[in-house]
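One chain, subunit A, appears in both complexes that follow, with subunit B as partner in the first and subunit C in the second.
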Partner chain A sequence: MSAEGDLLHTVTADHISDARKRLGKAMVWGTALLCVGLALWQTAFELDHVSTGFANWRPVLYAYMLWATALCVAQVMVRGEAGKRTLFVLPAALFVISLVIFPLLFALYISFTDWNLASIQGPQPNGWDNMVQMWNDQFYWNALKNMVYYVLAVGVEYAIAFGLALLLNAQIRARKFFRVVFLLPLMLSPVAVSWMIGKSMLEVRFGPISRIVRELGFEPSFFGTPEMARFMIMAMDAWTFIPFMMIMLLAGLQALPREVIEASKVDGATGWQSFREVIFPLMLPVSVTAIVIRIIFKLKLADIIINVTSGGPGGATDSVTSFIFREYRDRSNVGYGTLLAMVYLVLIIIFVTLLLKLVSRWMERPA
Partner chain B sequence: MKVELYNYIRAAQKMNRRQMLKGTAALGAAAMLPKGAAQADGHSNVRAEILKIPGVGAGSPTDSDWQKVGEMCLGATKENVAEGEFDGVELTFMGLNNQNLHNFLFRGFLKPWEAYTGAKINWIDLAQADYNARLQQSIATGTVDFDIIEMGAPFEGDVLGRGMASEMPDWVKEQIDMDDYVDYLKAPVGTWGGKTYRVSIDGDCHSFAYRKDYFGDGAIGGAEVPTTWQEINQVTKDLIGKEDPLTGLPAHGYLDPLKGWGGFGFYFLENRAAAYAKHPNSPAWLFDPETMTPMVNNPAWVQAIQDVMDLIEAGAYPADQINADPGTTAFQQFLAGTGSMLMWWGDVGSSARTSDTSVVGDVVGFGINPSSDRVYNAQAGAWEETRNEAPNMAYIGWGVYVMATVDGDEKKKKAAWSAAAHLGGKDLSLWASAYPSGFQPYRNSHFQFEEWEEAGYDRAYIEDYLGSNADSYNHPNAAIEPRIPGIFQYYSVAEDELAKGYAGQYGSAQETADAIAAAWEGITDQIGRDSQIEIYRASLGLS
Partner chain C sequence: MTDTAVFKDHDVDSTVRVKWWTSRVAIYGALILWSIICLFPIYWTLTTSFKLAPDVMRGNMVPWYDFMPRWKGWESLGISPRLIGEVSTVREEFLKRFWNSAIIATSASLLAVVLGSLAAYGLSRFNYRFGFMRNSDISFFFLSQMILPPVVLALPFLVLYRSLDLLDSQIGLILLYTLMVLPIVIWIMRDQFQGIPVELEEAALVDGLGIWGAFLQIVLPIALPGMVAAFILSLVLCWNEYFFAALLSSTNATTLPVMVASQTGSQGINWWSMAALSSAAILPLIVVAIVLEKYIIKGMAAGAVK
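Moving on, here comes the complex of A and B:
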């Protein structure tokens, strides 16, 4: 069979006239000009360069939608059957671009303004002031430092998750029951976890865990010191998300070729040798995937912190997201908060890219 | 009235069958009233009649009760509005839906008003947590899609300061009898630049709650209840190592919340600071009204912070206090039997017997914000060795405001103000303060205890609890918070810095206070210093 030509076996022969093509292109360019023109005009109006304009940006949005519609229609007018095929994807692509690119550009603009919702002047561009403020903001750097601790904790979570996955992969009694039970924490919202555990079970006076600690002769204090508070946040987050890593690792373990493991046993490998030399290397791609996804989850850690410690004591448990939440929600500091979020986004992209680059050689199973 | 308060009163006064029957009979009688009689056009017994709906001890009021009360209180509206006068007018009301109160009551109260006037009201219900963000975004993006708003006075700077509200017409002032407001709710609260904008429907202040079993002859806290912050700190330190008489656990004194609470936690440092910093010679105690320079790092505020740090240093607080926000200190500590002294809103007093976790219902007493042996005179820059008392009017309470969006349409404007006036009417507000509504008494006429007694309430409790509120409301040196834009931003950032200070990350109380002041300066610059000065002065009634 030919690998070239019309693989979709188009049945309609397109005979598109030049006039139709010209009309299609004119529609696209005409509506594009209208959209850009209106946008420029409205911008000039907002900046007081022209005296007349619209009350809001809605007409520009309508012009954009008109352009998007014209672009879709023009695909068929200009390219016929091939254009129809494009229409299966184009509207969705335009929709996604509208919801990602525009907000991103808007956020970029906002992050270089002094926009505080309480300010009567509204957003005013302030150059690099927000960046300078961030550079001198001890709360932000403290939160970034905490994020390093939180991300490092993923290693411990991985070890526990691997252990649990091995247990659940073994021939133990009530294996299916335990698989469901171990998954339960993942089904809980972190907000529920923070209230049920952080605010109730660990409540110093009447929380059941506190009572047990008191019965054992100690005075309970789970959030009294920076180290302890940070550990408790890590523990609650780990409790919620270890099942996620565990289930990924378990799926990986079950997909391992049994012959290889059996062969190692035939060759006389002990359980530890079999794990170290066969199972663990074979599991590396799954492990790396689980760790990377978990790190991405971890970088968004906020809900438990907001509910349980509000970042305290003295910022010891603050994550970048919980700090931005306070800056944004409690202080309506939209400009600065957006800049912090944008910088964090860039940091995450760089970090994850480097991480993936670093682990890429482990991502494929050894031949 | 707060729900908890209502439940508490019901529980506390142990209503007997006869009282219950009285209430039920009154309800039946009210239901039998002919419409003409029910439309209480200002006749003298309307207050007594509405207080019997549904009757104390007859269960929580329902929508039909709210409608009945709304109907019976229409008299004042009818004097200013003809039947059907607002036919075709549509208004949008934005308010809260906390505890199924607020807007839920307003709907019932306004239903008869809608039927009489012909206007229609659309509702925007918001959770408390969403309120601030929704309001700020509406203001900042110019998308005010409501005509009437239920709003706390701290936001007046954001709304009134920008000229976004409609000025109250004179006929509304007469209809709602503003002279009856307790002193602190009178101008400048609710006013801006000499113009009036607010129909008050609530009052707020922090009052002092203490454990009676800690104080008295032979009691562990001493013979007398402490009345100054100096005494409170001393008693708190003296209680270290002693045993709580109720729970047998370690005894504790005053409970300061050391963790932030979305800005609201700062009110609790204010309680201490008010006595030191709110000098009778000036309404300003947070910022210099000439320059907006923060006063939060002056010796008075530093003393307040130092007091807290002293107690941390002494180990006087319960374990994990560094992670205790005001919700914790009130509901998980004080009401659960930990600690003996607390400052809070009315909820604590009212929850004392009704909350499942409360064990202190029989041993709780109330008072106003403790005073200080000395006060800092910011104008003279020196301490004065005179006793100073300054109750903290934290949050000031809810009001109803009409937005300027109605100003271009006289009919709509009159309709909006009529609706607001109906909700803030003198008689209707008495009912709201006596039954679960989310609102506390705020008029002098609400403290006519015989009305409560006739309605079936226990006079001793009403006098004890509400008396402390009345004393605070009418205090000549009440500390009123500035109604400037972004006030909760200032509070929120202060909470962050205080948390660092309390965690020992700053060298001293002064350093902590300086960090707060620096952060406040940044916020002022960001929002606009000149406009903040202007608005701050207006909010204090100085301009």
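Moving on, here comes the complex of A and C:
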């Protein structure tokens, strides 16, 4: 990012008439008024203050979209060349703000109500009741504890991914073939994976892996004990996501300066030494990026758990997301579920911020 | 190896040889082992979709050698040489889901690439000030959406969509998926645009194009491979998305992963039809991976190396 001034300089010699400016502003305010007016009317209709209204909130949505378009057009009308520049970022910014900020504020409100979709009356604010319930909810804390295990598993995935990246970076034939093959698991949907591996290959009676385990003289039981079940979930998730880290690390390896590695060879370093002293330190920035992104993805882990174990046995494999999913699916408990999700979001933000701080401090230190 | 010269039949020479061979064997052994780990589940699913019950129970693996491939699994989807000409409700159902997935994934990815490329270009070329937010803050704002877990948005959106009558509609899912992949697209595209020299646009501006003209006619064609990469990556993510689809769709807009998930519980040992369904769900992306592997790798590598 450039510090001062635009990277691409443009000379702005606009002569925008006052009438044009006024028209632009009028457009924005007019459509905004329309949107707010419609929203107020609809609220009044739903609260039975007005007898006529729309069947749903769609018209308000259309008015909002009209306002957003007017805002974009008005940028150019009012500010000319500078407005054209704003137009690059504005659509995406509006899109994200309207789809994230509003729902988040809404979620904040829901999370302090006792809203249950199954009950007839609407949301009733119930103060800190949800908080108290969460504090005493063993399953939620258990799910959080499981997330710690799941995140720690990223370390193992990283080691395997680094190994594979080194293999692909070695002097080998058919590199393209191996690269495609190693990439394939990432393409598969976690839902399909949970059937393919979790439900059929690990099936106790007929699954091929169960057969192998039985041949080896053990009794196959992959989801019986908590530790084993958790390990199986980790393994399946790792299977799909190792290619992701592998490719990032491979790109990093290919961008390494060749001279440095050759110089270390000339100086007489063995393979292991040149890896430990040269390649690994040089790869640290890429590694950190890959691990941080992987952890962020890991924090959303749910699909496989929902479909293979649905949290069992006894909540041993539950992730926070799958737990809240069931809280909604089985009990329609929107208010409480949303509170759990909001708490999780706060925890994630704290965790990721700390992680990034720690990483940047650690990276600044000369190796 | 300091004072012994390396000759053809010298001791040192043969140890070097042995070392070289062992490292070769180790490398290829590891490569093949991991290839098997990657490919076996896919092979298993594909072959199981052609098996009958006894084959599954006996654990037969190799087609034509220890079991005869049958179309039974695919017939349960209405897709087999015998049924392809006939009217089949199951096939209609399956094709509807498939079509939903395709439409939702492509439109969401397209929308994300358009919005994301514009934003990334603006952020890599101009300085903005929205209130207190500078360029780096705006970038961070976009990228920080990546850490937003889907659960936080899912329930508010459920309620919101209900009042907007967008529940169980394709548009509703498209909007959410766009939101989901937008940070990744911006991340990839910012990297792409930063790699394009500004002098190109300066020349275009001198020649009389506006900034939008320069962007559309000069920069866009150069950045096209990056955009394809971002598009493919988004496509993969959207096609496989399950969480939102499971919560926000019920009959009309359900996607393939939801269909697969809803069948897993009910089918019991009816493995052949599940295998056929899973194969049908994963095959399009396997084809994409094989044909467009270059772009996928490019997309994922983009942000990693700076």
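Assume the second predicted complex is superposed on the first by the 267 of 367 C-alpha atoms of A that agree within 3 Å, B and C clash if a C-alpha of one lies under 4 Å from a C-alpha of the other, contacts with A are read in each partner's own complex, and residues count from 1 in each chain.
Heads up, the rule we're going with is that a contact is a pair of C-beta atoms (placed from the backbone, for glycine too) under 8 Å apart; a residue touches a chain by one contact, two chains touch by 3 or more.
Because the structure is predicted, anything quoted here is derived from the model rather than measured.
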Winner by number of subunit A residues touched, once subunit B and subunit C are compared: C
Contacts of A:324 with subunit B and subunit C, given as first, second, both or neither: second
First (subunit B), second (subunit C), both or neither touched by A:146: neither
First (subunit B), second (subunit C), both or neither touched by A:169: neither
Partner chain in contact with A:75 - subunit B first, subunit C second, else both or neither: neither
First, second, both or neither for A:315, with subunit B first and subunit C second: first
Subunit B versus subunit C as contact partner of A:211, first or second or both or neither: second
Contacts of A:88 with subunit B and subunit C, given as first, second, both or neither: second
Partner chain(s) touched by A:130 [first = subunit B, second = subunit C, both, neither]: neither
Touched partner set for A:106, first subunit B, second subunit C, both or neither: second
Subunit A residues contacted in one complex by subunit B, in the other by subunit C: 56, 205-206, 334
Parts of subunit A lying in touch with subunit B, wherever the complex brings them together: 56, 114-122, 133, 139, 203-206, 219-224, 226, 229, 308-316, 326, 329-334
Complex contact set, residues of subunit B against subunit A: 132-133, 136-137, 139-140, 142, 158, 161-162, 249, 258-263, 318-320, 322-323, 325, 332-333, 336, 338, 357, 485-486, 488-489, 492-493, 496, 499-500, 502-505, 522-523, 526-528, 531
Residues of subunit A that touch subunit C when the two form their complex: 1-2, 4-10, 55-58, 61, 81, 84-89, 91-93, 95-96, 99-100, 103-104, 106-107, 110, 163-164, 167, 170, 172, 176, 178-197, 199-201, 205-206, 208, 211, 239, 244, 247-252, 255, 285-286, 289-290, 293, 296, 299-300, 302-303, 306-307, 320-321, 324-325, 328, 334, 337-338, 341-342, 344-345, 348-349, 352
Interface residues, subunit C side, partner subunit A - complex: 27-28, 30-31, 34-35, 37-39, 41-42, 44-45, 48, 56-57, 59, 61, 115-116, 118-119, 121-128, 130, 135-136, 138-139, 141-142, 145-160, 163-165, 175-176, 178-179, 182, 186, 198, 201-202, 205, 210-212, 215, 236, 239-240, 242-243, 246-247, 256-258, 260-261, 264, 269, 271, 274-275, 278, 281-282, 285-286, 288-290, 293, 296-297, 300-301, 303-306
